[in-house]
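Have a look at the structure below before the remarks.
In this document, chain identifiers A, B, C, D, E and F correspond to the written order of the chains, with residue numbering beginning at 1 in each.
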């Protein structure tokens, strides 16, 4: 996990950085609001990535944010076995994440496909998500 | 200002809703993290729009989030005179917001243009933003 | 809407106050984290209640939190027609909120019943919630 | 410390999970509001527990939240020597936490007892807390 | 209440602005972390002031933050009668706020005096605060 | 990194503690808003310091906050080479941080000097910051 506290970038710049970070092939990145000294409402950027990506992420962060220090610590991860599958739903073909845990199988419709279907049929995200989830038995 | 507290939607759904809200021609929309009863970490959605948009926004929110109540109160706004102008910068033509306040004129480069230039020339957002801001005298 | 910024109470006290506030018959109450002067991470308490409850709420807040000022402003509310109904589900009888909006009817299982069923059958909250939601057609 | 970012659960579900987690005999659990990609206001769940509890906590989290990954890292803890004692106060017997640090002894009244007394005598939480704290000399 | 959402200022600048705002004789000012479109972690600045201060506050905000719009709405306030009194404590003279509510009188030691005493005698803030509070009977 | 969750201190006390912590020669300290059990909106204090400072920081925290446990884990840091230099600007002499990363040199004006100049010339923080940044070429 890489973390850095940012008190001299604008929100616009932070939004730009979050989106571009994912282009580097990281596992995850997110912001946490923090409160630093001298009454500064600031942002902690957290980036989760493989060891071999660290240098690339650090160079990116040093270039794009005016931070001068990045903290690092190792985290283990317990990851469930998952697979992206294309399935048939009443909305046509769409992707779902199939996750297995202790002899149970869970099906989670993929965000981008749910979004597209919602927009195409003018339905709510929740309705599409739940209908696909209920239709698909794996 | 329209506001609603949401404790039964997922983050995925909320992200979808925020993006789609802007398609309705509202002035602004944003999330605030709140803490509701029964240990629920929840989200307050705030939408700023013209009076004639309220019904459309309410219908959208009731359809897409499982909320059953929306709060409303009138806010006045002091808005600075601003203009979007196309100007020449050392990176080529780009848009800037020109704002006037008490005989002072401020120039703010437009986010989408700064983003495109940053990606094209592989420069940091800040560097592009500041260089354009300093070059343009209006 | 009643609001007050609190910088001299403990979190324990705030949790106690939130729970007790609901005993007064208010519509809603929630916390927002804010940042006040002198580097103080503080809490804004918001209470939504009917006009005739205001005095009772104010007396409660003045007594239980060491705040000396409460802000107030009027908010309108658009509330969907809703009804709590007892329905038969595969888990036995349970309550659902039935909400009507633009010729559509939505069914939301009640939190306390979902909770009880989850604990009784050792199932996840989500699974119980979604199964009841899908079974009930009104 | 176990941590997981949650973007596909509702606040109702999260509140349920927080309460139930404590039934597993963990040391602590809490939520932090974070901001994930694609405009998602999300929640980080942090759970502190002994090594031998990890598997049980992970199974619980995988079952109740639709997360597919949990991060883990080891933390040391400096814990002050503390003891729960039953003492006599002007409100009757109540429990206090007695903590020793560098030859100083601190007395902290227990939350649940302060709560009960506050409700019984219709006094503010703070008043009961401080009166007990001042009365008890150990 | 004046409010403005800020997505193009740095934390350093925001800290500076919060401190300077109090020089204008406002009633209160504070920050709330919000999440705006395009993945921007941003800050809402709220300023509470008398009607006759509004113009001065707006000019200050427009000059110091690159915001181009400020929202305004009227709030009523219920304020308890309070008085700053100089009292004798075992640490010497110090100021306390004396607040009256429904025939009860509360005494709250003033922050700046508690701070000074804590630093002078190398005691914790809480200890000084509570000792003064308990000593003073008004 | 030292971390502790605080649910029984006031915001006033926390602000006092943050300021005093920096007197101990730590690297950084900041607050994060969290949500603990029993509906408690609480604060996580994070302190980054050298190994040899840990005991001093722990003693300070145990004395000033009524916490009874502090978590600790080791973090590595990637720190850019930086130097504080006094330079001549159109506002007179001021300090800037000069940072080197991959053959690029960045100049960041020092907060306290920008603040002083802003107040002296009645200019906005941003304007002073950017003018110094643009003038100084190293």
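Miscellaneous remarks
Keep in mind that, in the parts below, a contact is a pair of C-beta atoms (placed from the backbone, for glycine too) under 8 Å apart; a residue touches a chain by one contact, two chains touch by 3 or more.
Just so we're clear, the structure is a prediction, and the values are computed from it rather than from any experiment.
Contacts with chain B and chain F are shared by A, C, D, E. When the CA atoms of chain A are superposed on chain F, the rotation angle comes to 120 degrees, reported as a multiple of 5.
Taking the CA centroid of chain F as reference, the farthest chain centroid is that of C. Rounded to whole angstrom units, the spacing between the C-alpha centres of chain B and chain C is 28.
Between the CA-based centres of chain C and chain F the separation comes to 37 Å, rounded to the whole angstrom.
Centre-to-centre separation between chain A and chain B, using Cα means, comes to 21 Å.
For chain B, residues that reach two or more other chains under the stated contact definition are 8-10, 12, 18-19, 31-33, 35-39, 41-42, 63, 66, 73, 111.
Taken as a contact graph, the chains are fully connected, with every chain touching every other chain.
Interface of chain B with chain E (complex): residues 1, 18-19, 22, 28-33, 46, 48, 73-80, 82, 97, 99, 101-102, 104, 106, 108, 111.
On the side of chain B, the complex with chain F involves touching residues 35, 37-39, 41, 130, 133-134. Partner chain D is touched in their complex by these residues of chain B: 6-12, 14-15, 18-19, 31, 33, 36, 38-43. Considering their complex, residues 3, 5, 8, 32-38, 42, 44, 58-59, 62-63, 66, 68-73 of chain F touch chain D. Remark: chain D residues 9-10, 12-13, 16-17, 20, 63-64, 66, 111, 114-115, 118-119, 124-126, 129 touch chain C in the complex.
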